[in-house]
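Each chain gets a letter, A, B, C and D, in the order it is written, and its residues are counted from 1.
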Amino acid sequence: MKYAKPLPDYLVRRYHGWKATTYQESKGWYRRLAEDGQHPRAMVISCCDSRVHVTSIFGADQGEFFIHRNIANLVPPHNPDGHHHGTSAALEYAVRGLKVSHIIVLGHSGCGGVEGCYQMCSGEAPELDDPKSFVGRWMDILRPGFEELPKGDKAERMRTLEKASVVISLSNLMGFPFVSDAVKDGNLSLHGLWHDIGEGALEAYDAETDGFVPF
Amino acid sequence: MKYAKPLPDYLVRRYHGWKATTYQESKGWYRRLAEDGQHPRAMVISCCDSRVHVTSIFGADQGEFFIHRNIANLVPPHNPDGHHHGTSAALEYAVRGLKVSHIIVLGHSGCGGVEGCYQMCSGEAPELDDPKSFVGRWMDILRPGFEELPKGDKAERMRTLEKASVVISLSNLMGFPFVSDAVKDGNLSLHGLWHDIGEGALEAYDAETDGFVPF
Amino acid sequence: MKYAKPLPDYLVRRYHGWKATTYQESKGWYRRLAEDGQHPRAMVISCCDSRVHVTSIFGADQGEFFIHRNIANLVPPHNPDGHHHGTSAALEYAVRGLKVSHIIVLGHSGCGGVEGCYQMCSGEAPELDDPKSFVGRWMDILRPGFEELPKGDKAERMRTLEKASVVISLSNLMGFPFVSDAVKDGNLSLHGLWHDIGEGALEAYDAETDGFVPF
Amino acid sequence: MKYAKPLPDYLVRRYHGWKATTYQESKGWYRRLAEDGQHPRAMVISCCDSRVHVTSIFGADQGEFFIHRNIANLVPPHNPDGHHHGTSAALEYAVRGLKVSHIIVLGHSGCGGVEGCYQMCSGEAPELDDPKSFVGRWMDILRPGFEELPKGDKAERMRTLEKASVVISLSNLMGFPFVSDAVKDGNLSLHGLWHDIGEGALEAYDAETDGFVPF
């Protein structure tokens, strides 16, 4: 069934504005990007959350970051079973095709996906336990993080679980042979970050202390 | 295995710059975004390609678009089999959780994923036929588009296939019951776009003529 | 005659520090830069002055800017006479070889070369009039700027002359056929900036008003 | 003809970020640099190549290095013929005006200018033989290096020629009376370096053995 509606006017107007200004002023660069193809230095794996703009935080130019965004910035375990794996395909393309030098996993505060996982694991959201719940089955990736949560108040445990989404993704990344090989060869480095939306803070995962350190 | 490296210096400096300016000037807004949670009007499904910045093209503010990015902006068919489905989870969260009013599928020129599909289907890239190729298995979603390509020169066929990645995604979207129900109820509309990176052009899918029309 | 001395110790130590940290943390990126070659978006023409670090001001990553630095950020008039022309060679390489999309001419406050020109033109530095003075003959490029200076106090006239070094360079740039052709084709844009070292200010040349405007 | 375009947005934002952080944190130092003028210890002559950041390799502070950058870090022979000589002017200013104590010539791997010279001299790039080719006429400075290349494979010969660009520049430097006088008086020392971009290696020219030695 073919179905589509015209774009809302306000987006059409904004596009025309962009074309007449940002594009017009850098036309040569856009043409070169089109002709030369992309040569991004880094892949970023971040959340779909509308409040997270990695290009803004890092002052990124067009062409700098290869960006995959999914719920809760998760990397599933390596599982080459012949089915569709969007995240794994993006990873394979970035590392083997584009040969990026960095993979940055960017978590954030107030993550709805992480909250869903928390509720599901603590029995507050039985609908997410349904085998047909896509969100539930996706958030299963984060279950091991919930099981290791220390006791404490919910806000603190939620924050810890948000950071676990970064650490589990980093760990799953190393389960992809093409990732761990590139890391061992010194051609790729992995980075874990957690961003506090309200405070604008950024913390980096430190593997030695297994904790997060503010910049 | 826990592994992570410090972020490259130039990104740390750029982050500090962002914190002291963009964040500082709109601190109140960031705090409200954190407290109120996100209320995006639209979900965008675009490619991971580093040259596609949907927030730039549409002058997006923090909080406006819920953005999922994967290789070739593909939506796989509805398949609730209990496995991890990143794209389907993002969709479910956007439509059922956030109740977005629009889903915009944004394709683009020079898409490396689409080119891979083209090569795979025409026998030029046997490595993508390997059951263990994540990129190959992901691009299987676009196979029906290759089979319907008209004869012609490669550049034209490639462009047609890029646009097919949008149309097939729109069609697969309607296979998700929560999507088609929301469309039928008038609560959701779907939009297909194709962006020419070098020329800055934007074309919209028109369901009536089953073709793309420039803005 | 072959002559060279060992590098001072403090630089050897700093190099070893860089190698063990900055290089080590981004080894993969350095290797890729070496294999893929450079794809800079912009050429920057700035002064040799030790206080002007364009990579710092613009948070530049390795590979972003093709940088030519000479006394007073000057572009001489187009003069293909078969002799050595370092600036013209750098321009030709950037525009025809690398196909950069932007050329940024960056002037600055307290420019010693501009001051030399001022003194030479006002008769205070006869040694610069000597045909054998390399600095004098290089600063001849800026003479037309001196002749158009409004009356006023010396500090103000010096600042105006510093800005004239940017405007004259922009004008000379357009005298290179490969530059003006690329500008006309929309593949290249030119930008003039003046930087106040002490205040950290940056002003941009605006062609419409023929003046400089602070950011 | 007056022509200029506004600076791309991402650079404007990055500048504002720099101003609010790096500049703000060291405002006093920037003001002193502005008031006292520059007193650099060394002049560096390096290539325009976007991958060579001498300030990074040597952890340079603002005010430390007077930096001239041209294609292939070349110093032309001393030739006071009354024309514009950008490199010679920079040299004269550094040695006679600023009285620097060191001149460092920094060559590097994968130098496009050196490759152009190689192709021109071996008949592969006739367009560079054109008297109007600025790049060709500039690379003529390196011709004597090509003529002395030992037989061998191209990659090895290219690397030897890159190092010859450093040695020829050192030799031409000594042809400038104000340079050789300062060297003889013990007020100036010259240094030749070659940098491997991919490996992060640095080699120093040793006049006694007429070869390069890794650090």
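The definition used in the following text is that contacts are C-beta pairs under 8 Å (C-beta built on N, C-alpha and C of every residue); 3 or more make two chains touch, one makes a residue touch a chain.
Since the model is a prediction, treat every value here as computed from it, not as a measurement.
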Selected pair, out of B-C, A-C or A-B, that shares over half of its residue contact pairs with C-D: A-B
Pick the pair with more C-beta contacts: A-D or B-D? B-D
Residue numbers at the subunit B-subunit C interface: does the shared fraction exceed half, giving same, or fall under half, giving different? different
In whole angstrom, how far does the Cα centroid of subunit A sit from the Cα centroid of subunit D? 41
When centres are defined as mean Cα positions, the distance from subunit B to subunit D in whole Å is 45
Using the touch definition from the top, which residues of subunit C touch two or more other chains? 22, 25-27, 29, 31, 59, 61, 63-64, 102, 189
Does the chain-touch network form a line, ring, star, complete graph or other? complete
Contacting residues of subunit C [partner subunit A, same complex]: 25-29, 31-32, 36, 39, 41, 59, 61, 63-64, 99, 101-102, 182, 186-189
Residues of subunit B touching subunit D in their complex? 13-14, 16-22, 24
Subunit A residues touching subunit B in their complex are 1-8, 11-12, 14-19, 22-24, 27, 30-31, 33-35, 37-38, 40, 43, 48-51, 53, 55-59, 62-71, 74, 76, 80, 82-94, 97-98, 102, 104, 109-110, 112-113, 116, 131-135, 137-141, 167, 170-171, 174, 183, 189-193, 196-202, 204-207, 210, 215
Per the touch rule above, subunit A residues touching subunit D in the complex are 22, 25-26, 29, 59-61
Per the contact definition, I'd like the list of subunit D residues that touch subunit A in the complex. 5-6, 8-10, 13-14, 17
